[in-house]
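Down below is the structure, laid out as structure tokens.
To keep things simple, chains are lettered A, B and C as they appear, and every chain counts its residues starting from 1.
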């Protein structure tokens, strides 16, 4: 008697092909899209990265952080620091921003892991505030008012000349295209990385820790280590995204870079509305987020108000989000991570 | 002598933070729920008092008495119809729903009252001070501190001297067995949140009398409250007062050294306590 | 008419079915014992009657009213009090507070007050200010019984009150049963100790694998019949 464990589904084969096609179109997008669309797509992709990483923390790791803005801000300030003080090229500096986020992620985890559940959430928020207040004391980088990337650094960025020649556009537009391609690469790497992680033994261990920490320990899962791995991974990616976001903006201030609304509240709403604990959910969520944003852009605080209300309603009536509703109805999994056991005469149904 | 004055001001400021924190502590103690909208509810309470003062021409101290039953009803309804549905083994629903509520409240206040900062009208009493030895203490901070102590005494009386308090503690211990005693846990939770909202209203009065407020300051109040609760140890109301005092003193001492360090110093004090006493100064035995 | 009656009672824990159509009756002023091995469904039956587990409304009738779908707090208010398995005293409450909270949902007109409970279990009067959980197992069981009595129930459900106690302590606790009965309550006693159940009960039900396998008065049941009903007949 033989048996085998399978995670792939028929639909996921189809969607792999479809995904490749979509990715191909996205790579080629700057050849036929205007600058406005490229900027919007940049926002979508960076928010998607933040959402996937928060989802990894909260949806898969059970670590609800309200302090993601610490890593966005720290990543961004690291980029500005090495560009302004070290004279490094901004593109190379984005790589440093992930490391900058890690530098504060380690002490953050050290403190916040002493707190459980809801208190972990506020603990991460406190630490983000501390980092913001400390950075505001960093006078070389403008203190509380912030600073801009120097013109000669942004003007002579790597690849910008090539893109200008390739697409026949101005420097500022070429910078946006560069930022877009980097964001696309980061988004693909993030999704692929999380998908890979969840399909490895580690991913199983992660699910075990989330569902029942005691039971997971009893079968030999090192829960504390898993928490560290997930937290640092998420911080690193969030820092990279933060660096990229502010490389594109080219202007920074502590209040903006450490904004709990922009870098954590929106991100939480995207994940909750789309579907927490799935890879597809944040993708759906970010699309809904952008549509709502364009519809309600002129209504100021009504936009955030309605996002908040929508998130509350979804949390109460469909805790697995819109994607959860969809995949429940249709059995659709684009990124299947469930393991199905076949053979042994126990042909199981879905899940 | 300046240091004695600074520390005295800090202790009194701690009374305000204890008022911010007492409601949070109460709700957490009974139903293990951390309400991330707590700070925004305080700000909302301040606006409610402001509306009552402006519309009815009441003194803030009378307006707060009118606001209390309204806020109790709001808390009761909020718990009964929204928050009770989020309670359970999963920590995500209560956190995410109260976080959403926080954002909704902030933006509703922004729509209703704009981002301009407001203040409750002050009179002679609120600006007066008394001279004790060489230091001058404001009547308002003294009143705040006295209110904090009174609130904590009242809460302790309710907890340890009434049948409602026994129901609170029993439900906190074991909701299923409590229901076998005829206690409706959801009802008890609703009453607890209602009481927490009464404390929130008192905190809102002093928030509005002592400084300017605008719709965006809620989260910072939540953080101070949270730090006071953690420093004191979960479930200890007197510990919460001590926690508030530690944050208050750290802030005034920090501000005395450099005005930009005020908030930072409070957070640092919190992190230091977390480092040496992770369960707070007065932890409850059975947690 | 029976005071309390279950009719084809079925209960589930998620996908797992624990009761498969249980019929029992309890008459006014009666003591009924339910015996059975671990996992027979005795505690599930108690949890269903007391409202901790919800059932079909008509599956449980108390005093003629269908109560199967009512929550625990409502059932308690109607006069059905439970001494839960494992005593379940509230650790934050003192002995006296544990007793007082028993009367939270219903005081009832009747015999039982703090004073009469202390008379029933005199040792508790001396320990009244101690935390409930600081007492010995037998004393904790007395508090749990006293707590249930404080509502002056018409039916007292006792789930495994002798579990984990020394024989001499068990004897002490069962000495209270006649007084409880005399004060006007009918009792359902869940027991693993067959001898104890036979001694105290007017009628006995034996359960196995979620069903009643035998019932009758203690005198009418032979040892072999009970043995078969308890462990399953050896085929």
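Criterion: contacts are C-beta pairs under 8 Å (C-beta built on N, C-alpha and C of every residue); 3 or more make two chains touch, one makes a residue touch a chain.
What you see is a predicted model; the values in this text were computed from it and never measured.
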Worksheet item: Closest chain to the protein CA centroid?
Response: B
Worksheet item: Of the other chains, whose C-alpha centre is the longest way from the centre of subunit C?
Response: A
Practice prompt. Would you mind pulling out the distance in Å between where the CA atoms of subunit A average out and where those of subunit C do?
Written response: 55
Worksheet item: For subunit A and subunit B, what's the span in angstrom between their mean Cα positions?
Response: 33
Worksheet, complete the sentence: So, in whole Å, the Cα centroid of subunit B is separated from that of subunit C by 44
Worksheet, complete the sentence: Note: subunit A residues in touch with at least two other chains are none
Item to complete: Spell out the residues on subunit B that touch subunit C in their complex, using ranges where they run on.
Response: 163, 166-167, 169-170, 172-174, 176-184, 286
Fill in: Of all residues in subunit A, those that touch subunit B in their complex
58, 62, 64, 66, 111, 114-115, 117-119, 121-123, 125-127, 129-130, 133-134, 136-137, 144, 260-261, 265, 268-269, 272, 276, 300-302, 304-305, 307-309, 311-312, 315-316, 319
Discussion item. Considering only the defined contacts, which subunit B positions touch subunit A in the complex?
Written reply: 28, 33-34, 36, 82, 85-86, 90-97, 99-104, 106-108, 110-111, 219, 222-223, 226-227, 230, 260, 263-264, 267-268, 270-271, 274-275, 278
Worksheet entry | subunit B partner contacts - residues on subunit C that touch it in the complex | 50-52, 71-73, 76-77, 81-82, 84, 88, 90-93, 97, 100-102, 104-106, 147, 151
